[in-house]
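In the part that follows, the structures are each spelled out as structure tokens.
What follows is a pair of complexes built around subunit A, which joins subunit B in one and subunit C in the other.
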Partner chain A sequence: MAGNEHKLIVSGCIGAGKTTAISQLSKIRVVSTEAQNNDIQNSSKAQTTVAMDYGELSLDNGDRLRLYGTPGQKRFDYMWKVMAPGSLGVILLLDNQRKQVLEELQEYLAVFQSFIQEQRMVIGVVRSNEYHYPSVGDYYAYLRSVQLQAPVFSIDARRRSDIVLLINALLSQIEMKIKLQARSVS
Partner chain B sequence: MLAKTLQLAFHGLDNHDEVWIRSVFNIALSRLKHQWELGTQERAQVLISYPGCLPEIKDHHHHLLVMIQKDDDRQIPGTLVLPQPLRSQAFLQLLNRCGDEIEQGTSGSQANYRDQTTPLEASANHPEQTAPLLVLPPYLHWVNVVHQALAAQQDVAVLVGGEPCYVINNRTRRIAALCGAVSPLRPSYLVHQWVNYSDEQLQQWQTVPYQLNDEMLRLPAERWWSLDSLLWHFGLKCALQKRLMLPPKRMAYRLWRWPDFGELGAATDEPAIAAALSAAYLEPQEVVSLADTELTKVQRFLQAALVCNYLLQRSGVASDQDLDELALNDKKTESKKQELEQEKESSLGILGVIRNAFNLKR
Partner chain C sequence: MNVEEMIGKAGIQTCQSCIDSLYGRLSELKFLLLATTDGFEVAAAGDISQDDYSRMSAMASSLLSLSQAIVKDAELPACQDVIVDGVDGKILVLAVPGQQPDLLLMGVGNAQSALGGLIFNLRATAQEIRAALSVLNTTDAVVVNEHFVKPSLASV
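Let's look at the complex of A and B:
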């Protein structure tokens, strides 16, 4: 009998490293829908994801963890909404190089609000070593200003350990919520 | 209620403030009393700017002017004040007040927005939003002052022996050492140095507001280190030396933000400790049980978080109020409880299997 399937979403702006992050985790060769980037104004990448990236892992109990990467461009934002339902959680990658990064965060928060409210979202900020502003503290200040809470880490999407850190934080949040809920009803 | 849509515009705001206002404005539109949109300076009824920009604003009498300024700055007659640091509740309340004034045709009034403490504004002072400083031991008084200065968006210098030895850039939360400038100190060496100062020596350190000059701002990037990272490691080392006051037993803590493990690196169980502490006010022993870890690790974590000003605290036993927020509202029958327990075991089991796949088993 086939095992159960679990879904994890990696979202974020164009060029933030979503495809790279999924490649770090997937045990299969990542299925990518890359096309020539016609949005040079927003990113200098030659190629970019236009539909989704897909990777997966087989788990010890026969289940499968499916990893989906959303396209980064705003014009594909309908894909974010299509892909999110039923997933375990969302890893959001933001690029500190981008001038409107806080505004982009706001757009993602609007789409993934239910995930952040249920403590099923973590945020990784790339290139914060080169671009110090906004600082991680600024992201927290922003989240507090809109009364939301999520872990924010400065990461390098090319480092597997950084992506695994995001997974660890996401799983820890979900586990803690389950344990605290169970404790409150017992 | 006004039928028409009111327009808000900005003049001369720096990037940080403008992005903040745009973001909060867009998210909170539906919560405002009146209909608002962002508009041009020429057509907007409300214009947000700084006092220093007032001479540049043409036809400023046509606008309801809002000045972003610090609490102790003198209010300009005929303007409303949006206090710095910016807070969402204060901003939303200000827009509602502007809408009311325009509706009533009283926009020329000179009332001071800050004088009107309403329930909304009071809620903006809730610890969750403002993260009040917790009391640190006297030898860490300088750290407390650093946090206060950064909260007031000021650059600061730490004086050692009366001379500026470290400067901190508020915008980037990075610190540079001015002493030992010939050969830049490594962060780990700096932490080691701090830990080796006696309590009496550290107690004499002073923190003062400081204007970073061009020369300092041009210091190479490798001379600026993350303040949070230094304070975190300093807190951990102090805890290892049993130097900080241990958290009182009957005190409950909550994290208002996670440490940046991306920069600090994290032991496998530290995200679990952080997750527990950010979910509810908890006593150290409860964290031990929820995160399945050791008390000494939790205490070290708490003390480092204390030095970094990431913690909120509440006296007495952690109440179940926070936990109730997380609970389902209906009354649970015994069979329902069993069902929930099974669901819990099943969900935790799946998460454990996923942890295994990433070698994250604790």
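Let's look at the complex of A and C:
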């Protein structure tokens, strides 16, 4: 019998590994919408996502996760708002190589405010082994300063187990919240 | 790298001339824009503000790319045009073939616009832009008084 279907957004800055992360997990051929990247100042990547990535993953209980990757550049921010409604949660990928990464985090927190306020967001930081600032502690300190909470993990988006960790962390958060709410009702 | 670095000032002027020429010829057009396939504006004509121009360039790139993805999944050879049939107008987006950087052309027609006319004219303009930029790239063109002059040996 088919399980439930859930939608997850994978968002974050250009070059953080969103497309790679979805490709690591998807059981179907990933739909990707890439175009030649002319924004070389922002990223040296040859290609960049201009609409969305789409992949699917089955969970142990028979549920299906639909993974939607957003474009990273701000000029495509309308896609973030188009894709967010109906999502179970957001996986936010940040690139420690980028000089303004905390400012970028601030922008994403504003866009996905309701998700983080409802504990439906996890943050994965890539390239923190090469670029040590900000540290995971710095990210937590920043989140505390704006009175928000989300798990932060140092990851490699090319490593499947790291992306699985992010998804499991997100699903555990959501499940815990549901249980707490159920307990408070009863 | 910005658009001017990619295409050159002469290239942008050429593109603008082609766009202006089509906009002047086709009264049913609300606006036209030329953009890179990753959403940077190159040239535009018509009733469109700078903010709308930037946003529409990005949206046109998303639309074209998503359409190319669905065409590929449907195992069709290629995506020629993307047509949005609105209530009081039509939108056409198509790729400008064979250019570096990759470009797209978007036209928005008003309620009186005929789809066939839009397709024919935008495709012709895309070919014109392609030919003009190719000639500029080979440095065979002469730009006189900011109007592009086709060299005599170029194909029409």
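Heads up, the rule we're going with is that the second predicted complex is superposed on the first by the 174 of 186 C-alpha atoms of A that agree within 3 Å, B and C clash if a C-alpha of one lies under 4 Å from a C-alpha of the other, contacts with A are read in each partner's own complex, and residues count from 1 in each chain.
Convention: contacts are C-beta pairs under 8 Å (C-beta built on N, C-alpha and C of every residue); 3 or more make two chains touch, one makes a residue touch a chain.
Predicted model, so just to flag it, every value in this text is computed and none were measured.
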| item | value |
| --- | --- |
| Clash-or-fit label for the pair subunit B, subunit C on subunit A | fit |
| Touched partner set for A:Y78, first subunit B, second subunit C, both or neither | second |
| Partner chain in contact with A:S145 - subunit B first, subunit C second, else both or neither | first |
| Contact breadth on subunit A, by residue count: subunit C or subunit B | B |
| Subunit B versus subunit C as contact partner of A:V111, first or second or both or neither | neither |
| Partner chain in contact with A:V30 - subunit B first, subunit C second, else both or neither | neither |
| Touched partner set for A:I178, first subunit B, second subunit C, both or neither | first |
| Where the C-alpha centre of subunit A sits as vertex, the angle toward subunit B and subunit C in the overlay (nearest 10 degrees) | 130 |
| Touched partner set for A:L59, first subunit B, second subunit C, both or neither | first |
| Closest approach of subunit C to subunit B (Cα atoms, Å) | 22 |
| Interfacial residue positions of subunit A with respect to subunit C in the complex | 31-41, 48, 50-52, 71, 73, 75-76, 78-79 |
| Complex interface listing, subunit B residues touching subunit A | 15-16, 19-20, 22-24, 26-28, 86-88, 128-129, 131, 171-174, 224, 228, 256-258, 260-263, 266, 268, 271-272, 274-276, 278-280, 290-291, 320, 323-324, 326-328, 332, 337, 340-341, 344, 347-348, 350-351, 353-360 |
| In the complex with subunit A, residue positions of subunit C that touch it | 1, 3, 6, 36-40, 54-55, 57-59, 61-63, 65-66, 68-69, 73, 101-102 |
| Residue ranges of subunit A touching subunit B (in the complex, touch as defined) | 4, 6, 25, 57, 59-61, 63, 65, 88, 99-100, 102-103, 105-106, 109-110, 119, 124-125, 132-138, 140, 142, 144-147, 149, 151-155, 162, 164-165, 167-169, 171-186 |
